[in-house]
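Take a look at these structures.
Paired with chain B in one complex and with chain C in the other, chain A is shared by the two complexes that follow.
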Partner chain A sequence: MKQLRRYLFGLAGVAALLIAGCGSTTSTTTTSTAPKDITIGTLYAGSGSYATSSLPELAGLKFWMNQVNKDGGVFVKAYNKKIPVKLVDYNDQSDPNTAQTLYTQLITQNKVNILVSDFGSVLTSVAVPIAQEHKMVLFDPTGTGASFFTPTNPYIVLTGLPTSAVWPDNLAKYLLAQNYKNIAIVYAENDFDQSQDQTLTTQLKAGGVTPVYNQGVPTTTSNYDVIIHNIAATNPDAVLELGYPNNDIAFLQNLAASGQHFGFLFTIFPGQLFSLLEQNVGAKTLTDTYTYPTPPLLAYNSGVNYGMTISQFTQAFQSANGSAPNFLDIAGYNTGLAIQKTLETAKSLSQLDLRAAAGKIHMFTLDGDFTINSEGAQMGETLPVGQIQASGSGLKTVIIYPTSVATGSAVH
Partner chain B sequence: MLRRRWVDALVVVVVVLAFVLAPQAYSNETLLFQMMVYIALSQGVNILYGFTGYLPFGYVGFFGIGAYGASLLMLHLNWPPILALLGGGAIAVLLGLLLSPLLRLSGAYFAIASLAASQAVYLIVSNPALQNVTYGPYGIQLVSQFNPTLSYYVMVVILALTVAVVLYIRRSRFGTALQAMRDDPVSAAMAGVPVVRQRTFAWMISAAIAGLVGGAFAWQTSVFYPDAVFSLSISIFAIVFTLFGGAGTLLGPLFGSVVLYGMYNTIGISDPQYFQLIYGLLIILLVLFLPDGAASLLKRRGSHVL
Partner chain C sequence: MLYALIAGVLFGLYYALIGLGLNLTFGVLRMVNLAHGDFVMIGGFAAVTAFSAWHLHPLWSLVLVAVLIFAVGIALYYVLVPRIAATKDPEMISLVLFFGLSQVIEALAVMRFGNNAQSIYEPVFGKAPVSILGQPFPAVWVVSGLVSLLALLLVYLYLYRTRIGYSTRAVMASREEAEVSGISVHKVSAIAFAIGLGLAAAAGALAPFMLGGITPDLGVGLTVTAFAVIVLGSLGNPIGTVAGGLIYGIALMLMQTYLPSWSALLPYLLLLLVLLVKPSGLFGRQVRSA
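Moving on to the complex of A and B:
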């Protein structure tokens, strides 16, 4: 009997720990009167493979919040007044399983008004069903996986880039226009890169060009030596390497060390994280390569009708943070602008009203045209083709295609 | 004997009640679900490591194949989720059978080989050449089947079954045979214990648990990429939770999972650097002073730990 009692005490202890281990509950608040602040909940990767991309995105969002709060807060049409913005952010450490718990934490415990996902498709993927289940609009800065946007999910808004399958549209057209016949593609095996590979191969084949080399590699690949030599053996006119920043860096470093040279070389991330790539692979390796230029390389100074222009943002961001912004800083800031515009026009703070307001936004920001379709996917922004060219002692990015937005021509 | 059965039944009831009632007190069901996942997985590791001495670093392979097996049965064959989940468990058992020759190895060799096997499974599943079958690196979308409430309660059932199985193993001749093999396989074989068969059976039970848990995880998550269900951190968490609480007992891994996963979610998220420091110190202290886990503290005082 004594032993039985001991078991029961032990089990009760475990059960109590279980409840205690989960933390305390927070009370539910009603919103019949204006809230003290608008709470935005987001995650960031403070470590792990997505940290280099996630941290600038968070910095951009924080910059927007500080700017708005300096001005007394964000104007909320539902209450016809400005309300300060508060940010609740958790570190998911680049782990989707941790992110899953934390997104739920933001919704159920912190009871945030606005939910913003972490960088990229992997860390956004787990947020999509959670947001839908809790009927929360997910403001998604850079999770461009096409499968997130479906007619049955009214709770997502892609604030930045178009879905990844749309990215290579201009690139495919440019390659066909240049009459390249021997095209080699190496892509990292993930949703983001493989969807681009599929779009490219489909469009190239439709133009009568079948890639001479089209090979997937694990996203964790850090040595492309053998692949580079295999590609060189096919005598390609154009080589496209589609990967995440770490893939691009490894490929370009290996290429420089191999002594091989390709006439047309395309990688994705010099256009988004120029400084990071330049630091890691050197200006010489980047010279004359091609990329998708994004702001600030793609400088929207005229035509901006909401928020700062690129020049204003660059100056203000640098003075606030001590470093020049990259594309992901801008993506974070742009997400803030999308939230701001949504709150300025939504009838109430109900999530469906917020989504309806976001759907009606037409604005031109430092990130380009903002227009989403009925599924929440970004349609306004397009990605041109650019070339990184030598300019005095440094480098500059020249937009070469489409011709309607071109700022120069390619150097071969 | 009757009292033991009552105690066993009470253990299962308390665990079930704790997780059935917990959402009333704490509404982050995802956290509670993940805690159940790690308790069940640590019990799966416990069956293998605690009872046979085989440390499966690649245990996540069974979890991942269970998640994918269940998902693909739902997507390709339109199986209802609960049936698909059982199918995921069965596929994990088949994988266990396929990998059973690994049990010819032991110690670090087995740990490394099981890790390699799980990576091989991951690379096969995420291979773009198999996109029509596994969806390759594009990941899984089970949005039409998404049902977090039902999947939560199904996970409670899986956890209860897992606890019941571990209790059975602790009480049965089978468990005694496994522990005899762990301590001295030659002597156990000479005493008439069918070593290979029993060890393989334990390996497959452990695989089945991970497969079922993986299936429930897939159902609850509904959108995931291969690296989310084949992440090595899942194996490591399950192993550390087991070792912290005490392998070879039921309450040890349960205690380890609740305490460490609770700690991970309280300080590990806001201050990961402190968590990693505390985590590291705990493991060092554990290895130095409590190599048999927290349960050994009670055992040293003469208490029987279930």
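Moving on to the complex of A and C:
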């Protein structure tokens, strides 16, 4: 009887150890046997309001994967060999609730090695707590909401852009340098745009300028006519509209139809999705407006020490996909490069080792200088201020600030 | 304030046009067409495509797409509605079916037009703003208001000045009694359903100017707003839709002026308010129980 009891206690102990082991492993492979492939799990918006941006980002990531697999896979230092990359992707239809379920599925069911979030702050915001809860590093291409990056969360790496709180740094400096006093800001209420508004107002106020109009509107806003009228009533010399592509389109369309004209007009997405904006609002409306130029408008060809240059990427992407890349294709590709460099240097595939390796990356890619801070926020890829100017029968983007990278001067 | 009020009237008339077809359909069929907003989206894409391919003026597109979708509506009615009506719970089945139809239309639109927003940026209605009481408004807003008024007038004339309109109102009052009195309920319902869809498509032709870029997912949100507008005016009363649209438009523009952050909540707030204060809507008739 005594022996039987000991036997049962022994079994219970083994079971408890097994259960504890299962709970802690999730997908953090630490065994010495190399996996058959490195599985990257991501979501994309196949429909809905974020599809415009999400699909190119996925295309960029797939392009990177195909390039790597052509060479036999990605070099994984932990196994000292090349391992093919496999992508598991699900369609969240631009719905954060669906995304929440699918992110969990990627971690718990698919047990992916690497987790990559969908485009932008809205669809990334639901991934951040899930990744943290499952102790899984989230490779975040474009979710730049400042609130995602905290000292208590070691499980996030922003790969494609600086945090949105950093974006308007040069813009605020430019506005102050140009002595704009009556500045009006309208922003869409989401992490991405709100954090830019906060940075702008803080920096402008520090420079002695309080915006004459500073209002948030729902991200779903599709008609800005009354808002434009209210802004015009404050007699601004500079107007900044911070939104997603559909907000920018609606704002610029309404502005053109209203007959109003602002001396300085800034919107975000002409710098990222130039063709889309030009198709929807026309070249005339975009002429002389300001934006944040991003690659490929901001062409990094010299100094690139990891991956393709902009020219090489543009050519290769076009021949593979049949269309010229936009910034989001580049952001997807750049995320692939960040993952590649992480795997090349991480001592194991455990998530904390991956995060530690990502933190030590210093590389200059087609997207600029890659450097993350201790909170995982991208700090290297700062955004200059550009102006869209008429050039012959078309348009060109001229970088006007900071002067160290300027390619021309502003036209008023 | 004055600008917001006038803008609210113009925008409200446009939303009345969107809601009118939904209310007509509900009034006659007692079914909420959850795919209504998707027909607005179809009208929008049709106008954009016709303009970019043939430079067809959106007002011509409006007429053509309304007629075309009217014909589609007749066919769709006979394919769907008699079968739904024959089920034990037609109201619930219709909700599910029209929701499914909405999803199918959206998916087809993604396949055909892609996910990117599409719009018409050329000033087809004139470059100069139009002045109303000294306030400048985009010309397209005024055109949209006039088109909406014309459509509302035509629906009014149809319901109150034509023989088939009388029959439609009889069906709206009581389907069973109308049937007993010899009215061809299916014929009347099919025409009302098709007019509803045609009006939605007509509103869609103006959507590229009123609602920014057209995207395949536009429909669901528009159906919700249109539903709020018709509940406000009163379900089943197409003329009440005008009042619902105006209240919605003015409230939206005032919200955008004074509380812009809250403007997205407006349809839901109005719905709650009406359901709590006057569930039959502003123009709802009192129902006397025997």
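In the analysis below, the second predicted complex is superposed on the first by the 381 of 412 C-alpha atoms of A that agree within 3 Å, B and C clash if a C-alpha of one lies under 4 Å from a C-alpha of the other, contacts with A are read in each partner's own complex, and residues count from 1 in each chain.
Everything that follows uses one rule, which is that contacts are C-beta pairs under 8 Å (C-beta built on N, C-alpha and C of every residue); 3 or more make two chains touch, one makes a residue touch a chain.
None of these values were measured; they are calculated from a predicted model.
With both structures placed on the common chain, the touch criterion links A:257 to chain C but leaves chain B unconnected.
When the two complexes are overlaid on their common chain A, residue A:408 makes contact with neither chain B nor chain C. By the touch criterion defined above, A:47 lies against chain B and chain C together after alignment on the C-alpha atoms of chain A.
Of the two partner chains, chain B and chain C are each touched by A:189.
By the document's definition of touching, of the two partners only chain C reaches A:245; chain B does not.
Between chain B and chain C, the partner in contact with more residues of chain A is B.
Applying the stated contact rule after C-alpha superposition, one finds that A:216 touches each of chain B and chain C. Contacts of A:281 after superposition on the shared chain: chain C is touched, whereas chain B is not.
In the superposition on chain A, contact of A:97 is made with chain B only, not with chain C.
Residue contacts after overlaying the shared chain place A:129 against chain B, while chain C stays out of touching range. For the contact definition in use here, the residues of chain A common to its chain B contact set and its chain C contact set are 46-47, 189, 216, 218. In the complex of the two chains, the chain C residues touching chain A come out as 3-4, 7, 11, 106-107, 110, 115-119, 121-123, 127-129, 136-141, 209-213, 215-217, 221, 253, 256-257, 260-261, 263-264. Within the complex formed with chain A, the chain B residues making contact are 3, 6-7, 10-11, 14-15, 17-19, 22, 25-32, 34-35, 123, 126-128, 136-139, 141, 143, 146, 148, 221-225, 227-228, 231, 233-234, 251, 254-255, 258-259, 261-263, 265-266, 269-270, 272, 303-304, 306. The residues of chain A lying in touch with chain B in their complex are 3-4, 6-8, 10-12, 14-15, 17-23, 25, 46-47, 90-93, 95-98, 100-105, 108-109, 121-122, 125-126, 128-130, 132-133, 145, 147-148, 150, 152-153, 189-191, 194-195, 216, 218-219.
Interface residues of chain A, counted against chain C in their complex, comprise 45-49, 51-52, 55, 94, 189, 215-218, 220-223, 225-227, 229-230, 245-246, 249-250, 253-254, 256-259, 276, 279-282, 285.
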